[in-house]
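Pasting the structures here.
In the two complexes below, chain A is the common chain; its partner is chain B in one and chain C in the other.
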Partner chain A sequence: MNIAYSTELICFLILSAVIVSGSLAVVLLENIVYSAFLLGGVFMAVAGLYLLLNASFVAAAQILVYVGAVNVLILFAIMLVNNKEKLKPIKGLRTRKFISGGVCGGLLILLLRVSITTKWNLPGPTSIGEEATERIGEHLFTDYLLPFELASILLLMAMIGAIVLARRDVSIPAADINDLKNQKSLSDKKVPLLSENSIK
Partner chain B sequence: MNSGIDLEMSFTQGVQNLGLSHELAHLLWIPLPMLLVLVSAVIGVLVTVWLERKISAAAQQRIGPEYAGALGILQPMADGLKLLVKEDIIPARADSVLFTVGPILVLVPVILSWLIVPFGQNLLISNVGIGIFLWIALSSIQPIGLLMSGYSSNNKYSLLGGLRAAAQSISYEIPLALAVLAIVMMSNSLSTVDIVEQQNTAGLLSWNIWRQPVGFIIFWICALAECERLPFDLPEAEEELVAGYQTEYSGMKFALFYLAGYINLVLSALLVSVLYLGGWGFPISIDWFSSLIGLSIDNPIVQIIAASLGIVMTILKAYLLVFLAILLRWTTPRVRIDQLLDLGWKFLLPISLVNLLVTASLKLAFPMTFGG
Partner chain C sequence: MLESTIGPVPLQAYLIVAAFLFCTGVWGLINSRNAVRVLMSIELMLNAVNINLMSFSSYVDGSLIRGQVFSIFVITVAAAEAAVGLAILLSLYRNRVTIDMESFNLLKW
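Up next, the complex of A and B:
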C-alpha cells in the first residue's frame, strides 16, 4: 500500500462519513437553519468525492451550483421567514415519520441489494483528468445538444415565472383608487426585499 | 515557450539524492508552497493595510500612521497584535457554533483561491486544468459564511448585513463569470498559466486589455463588489448597519473577516493582472530582449532574471490595481442597495452577455488576433 493510495482511502472514508452523518442530520435536526447549513456541507463533501474521482470540473460545478446558488437560495428563504414563530403541530406526525422512515429504509435496502448483486467491471475506465472539460463541452454541443437546450428552456421558464411572481403589478382603475378593498393591494405593491416589513 | 524554472523538480531531486523515496520527497514538497502562499498572502495584506492608511491620509490631507516604524510601516503589525490580544466575545444569545464557523468559512475559500495565481511559468501551487473556474466556484462559498455569521449574531443589523452581502455577491458573480468566460474563449483554456502565456506573445500589445476593454471594466467593477469595497461596501455601511455582519465580532474572529477582505482584494487585483494585464509578462517580450543582448533564453542567468522579473511584474501590476481600489474607496460615495442591484442585473449582466457574443463573433471572424 503506497502513500497515494492510503491518502485516497482515508479521504474517501472521511468524506463518506461526512456525507452520511451530514445528510442524516439535515433530515433529523429540528432547527431548519442548521439543516440548511449542513446541506451545504454535504454538497461540499460530494464535491470532494468528485475530486477523488479525478473529475475536477464536475467538482467545481457542484460547488458553484449547489453550494453557491441552491444552498444560498435555501438559506435566503429560511432567513427571510420569521423563525421565532413555532410551526403548527401536524396531526399524526408520528405515523408520518414511521411511513417515511420505512420508505427510506426500503429504498436503502433496494439500493444495497443492487450494488451487491451487480457485477462491477473493476477496475473501471481510467479517468481522463484534465481533458474532461473539453470532453464535456464536446458532448454538450453534439450528442447531448437537445437535452442541453431543453434544460436551458426550463431555466428560462423558471426565470420568467419568478419575474412574474415577483412583479406584483396591480392595475386599478383611477375611479376605484379610493375604494377600501383596493387599499391593501396599493400598500403592498412595493415592499422592497430587505425592508423592515419582511424581517422582524 | 521554454519551461522556465521548475522548483518542484529540483527540490524532489535534491531530496531523493539524500536517499529518500520519490513519494516521500513529494510529500515533503507539498506543504512548502502552501506555507509560502499563506505567508505571502498575509504579507500582501499587511502592505495593503499600510497603503490604505497612508493613501487615505493623503486623500484627506493628514499624515497617517507615523510612529510605528519608518513612515508607520509597522502599523499593520501593531493592528494585528492588538486584535490578537483582544478578548474573544460571543454574545450571550448568539449561536456560538455558527458564530465561530462563519468567519472561517469566509476566510478559507479566499486563501484556497491563491492556488491558481501564477507568478511565473512554474511558480504557482497547482496548475489545475480548471484554473480560473476553481476561483469562481470557491468564491461562491463565501456568501454562506457571511449569511452564517449574520444570522448567528442574533442582531438585526448583522442579519441585514449578511443578507445584503449574499445578495450582492450572488448578483455580481454572474457578470464576473461571463467576463472571465470571454477571456477563456480567447485563450482556449481555463488554466491561468495558459491564459497568461497566450498574452505574452508580443509584450505589451498582446495583453488582453486591448482585446477585452469592456470585459476588463466589468471584471474590475464586479471584483470590487465581490470584495465589498467602496463604492459597493453596503454590507457594512456604517451609517445604516453599524458594521453589518461584523457588528458583534471582536478579537481574532473580527481579524479573520478583516484578513479575508484584504486577501480577497489582493487576490482580485492579482487575477485582474493575470487575466487582462499579461500576468508575469514584461511589457517588452523577454525572448526578443535576450536575443538582442545575444544570450540564449535557456541560459540560467536569463532564466533567473526572467523569473524574478515575472514575480516583480505580477506584484507591481497587482499593487497598481490595489492603489486604484484604495483611491476609489476614499473618493467615491457609496451606492444604494437598489442602485447596486440595478447596476448588477440591468447594466452589467446584459453588457457582459453582449461582450461574450461579440468576442465569440470576433473570434470566428479574426481567428488570428482573437485566438482561433
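Up next, the complex of A and C:
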C-alpha cells in the first residue's frame, strides 16, 4: 500500500465528513450563531479539499475571502438584526419541507447517477505544484484580462452599492433641531449623494 | 475500501461531495425563514460549484488549470454578492423590523 495515497484518502474522508455534517448543521440548526460558525468550518474544510487538489493559491484565497470576509460579514449581520424574533407559524410548513426535501433528494440522486455512471476519460490528477500560482497569474493577465478587469469593476460597484443601501438616515428629535451640529447634518442630508456639490 | 491497489482519490468522490453540498444548499435556500440563513445557503451552493471546478481543473486540465482561474472569479462574485445581500437585508430590517422571509412580500401583486 502506498502511504501517500492512503494519507490522501484519509484526509479526503475526514474533510468530506466535515463538509457534509457541517453543511447539514448550517441548514438545520435552530440557533443561527452556531450555523454561522459552522459555516466557517465548512469553508475551511473546502479549502483543505483545494489543498488536496494541489491548488494552494486558491485554498489561501478561499480562507482569506470566505472565512476572513464573508463569514465575518455574516456574523456582523446576525449581530445587527434581532435574532430573538418569534416567527409566526405558517400552515403547511411541514409538508412544504418534505416536498422540497424530496425534490432536493431527487436532484442529489440525479447528480450522483451522472457522476458515477459517466465514463470519465481522464488523464488523471496531475500536479504542477508551486507553478500553479504563476500559471494563474499568467492567465489573469493574458487570456482572462477582460474578466479580471470586469471583476474589479464589479467589486467597486458592490462596495458603493453596499454603502448606499446600508446607510442610516438620521432622525433628530424636535427639541434639538436648532443645535448647530444637527443643522449641519440636516443641510448635508439635503445634498444628494454623488452630486458635484457633495464633493468638497 | 483500503485495498492493496490503492490509487489516488477518484474524481467521482469530489463530485459526490460537491453534489451533496449543492443539494443541502438548495434545500436551505428554499426552507430557511431567517434571511441570513438564506445567504449562507447561497454561499454553500457557490462552494459546491467551486469544488467541481477545482476537481475538474486538477483531473482534466492539469497543466493549464483554467478551472482554478474560474473559481477565483466565482470567489470574487460571491464576496460582492454577500456584501450587497447583507446590505439589502439590513435595509429591509430597518423598514420591516423582521428577518422572516415570509413577510418580505413587497413585490407581490
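For this structure, a couple of remarks:
Convention: the second predicted complex is superposed on the first by the 159 of 200 C-alpha atoms of A that agree within 3 Å, B and C clash if a C-alpha of one lies under 4 Å from a C-alpha of the other, contacts with A are read in each partner's own complex, and residues count from 1 in each chain.
Everything below uses one rule, namely that a contact is a pair of C-beta atoms (placed from the backbone, for glycine too) under 8 Å apart; a residue touches a chain by one contact, two chains touch by 3 or more.
Note that the structure is predicted; figures quoted are calculated from it, not measured.
Of the two partner chains, neither chain B nor chain C is touched by A:Thr95.
After overlaying the two complexes on the shared chain, residue contacts for A:Val33 are found with chain B alone; chain C is out of touch. Of the two partner chains placed by superposition, only chain C is touched by A:Arg135; chain B is not.
Residue contacts after overlaying the shared chain place A:Met79 against chain B, while chain C stays out of touching range. Taking chain A as the reference, the larger set of touched residues comes from C, when chain B and chain C are compared. By the touch criterion defined above, A:Asn2 lies against chain B and chain C together after alignment on the C-alpha atoms of chain A. Of the two partner chains, chain C is the only one touched by A:Trp120; chain B is not. Of the two partner chains, chain B and chain C are each touched by A:Ala69. When the shared chain is aligned, chain B and chain C each come close enough to touch A:Ala61.
Residue overlap on chain A between its contacts with chain B in one complex and with chain C in the other: 2, 57, 61, 69, 76, 80, 132.
Chain A makes touch with chain B in their complex at residues 2-4, 33, 37, 40, 44, 56-57, 60-61, 63-64, 67-69, 71-72, 75-76, 79-80, 129-133, 192-194, 199. Interface residues of chain A facing chain C in the complex, by the touch rule stated above, are 1-2, 5-6, 8-9, 12, 16, 19-20, 23-24, 26-27, 32, 35-36, 39, 42-43, 46, 49-50, 52-55, 57-58, 61-62, 65-66, 69-70, 73-74, 76-78, 80-83, 85, 87-88, 90, 96-97, 100-101, 104-105, 107-108, 111-112, 115-116, 120, 122-128, 132, 135-136, 139-140, 144, 147, 151, 154-155, 157-159, 161-163, 165-166, 168.
Across the complex, chain A is touched by residues 1-2, 4, 6-9, 11-17, 19-28, 30-37, 39-41, 43-44, 47, 50-51, 54-55, 57-60, 62-66, 68-69, 71-73, 75-84, 86-91, 93-94, 97-100, 102 of chain C.
By the touch criterion given at the top, residues 23-24, 27, 98, 128-130, 133-134, 136-138, 140-141, 143-144, 147-148, 150-151, 156, 159-160, 162-164, 166-167, 170, 173, 190, 337-338 of chain B touch chain A in their complex.
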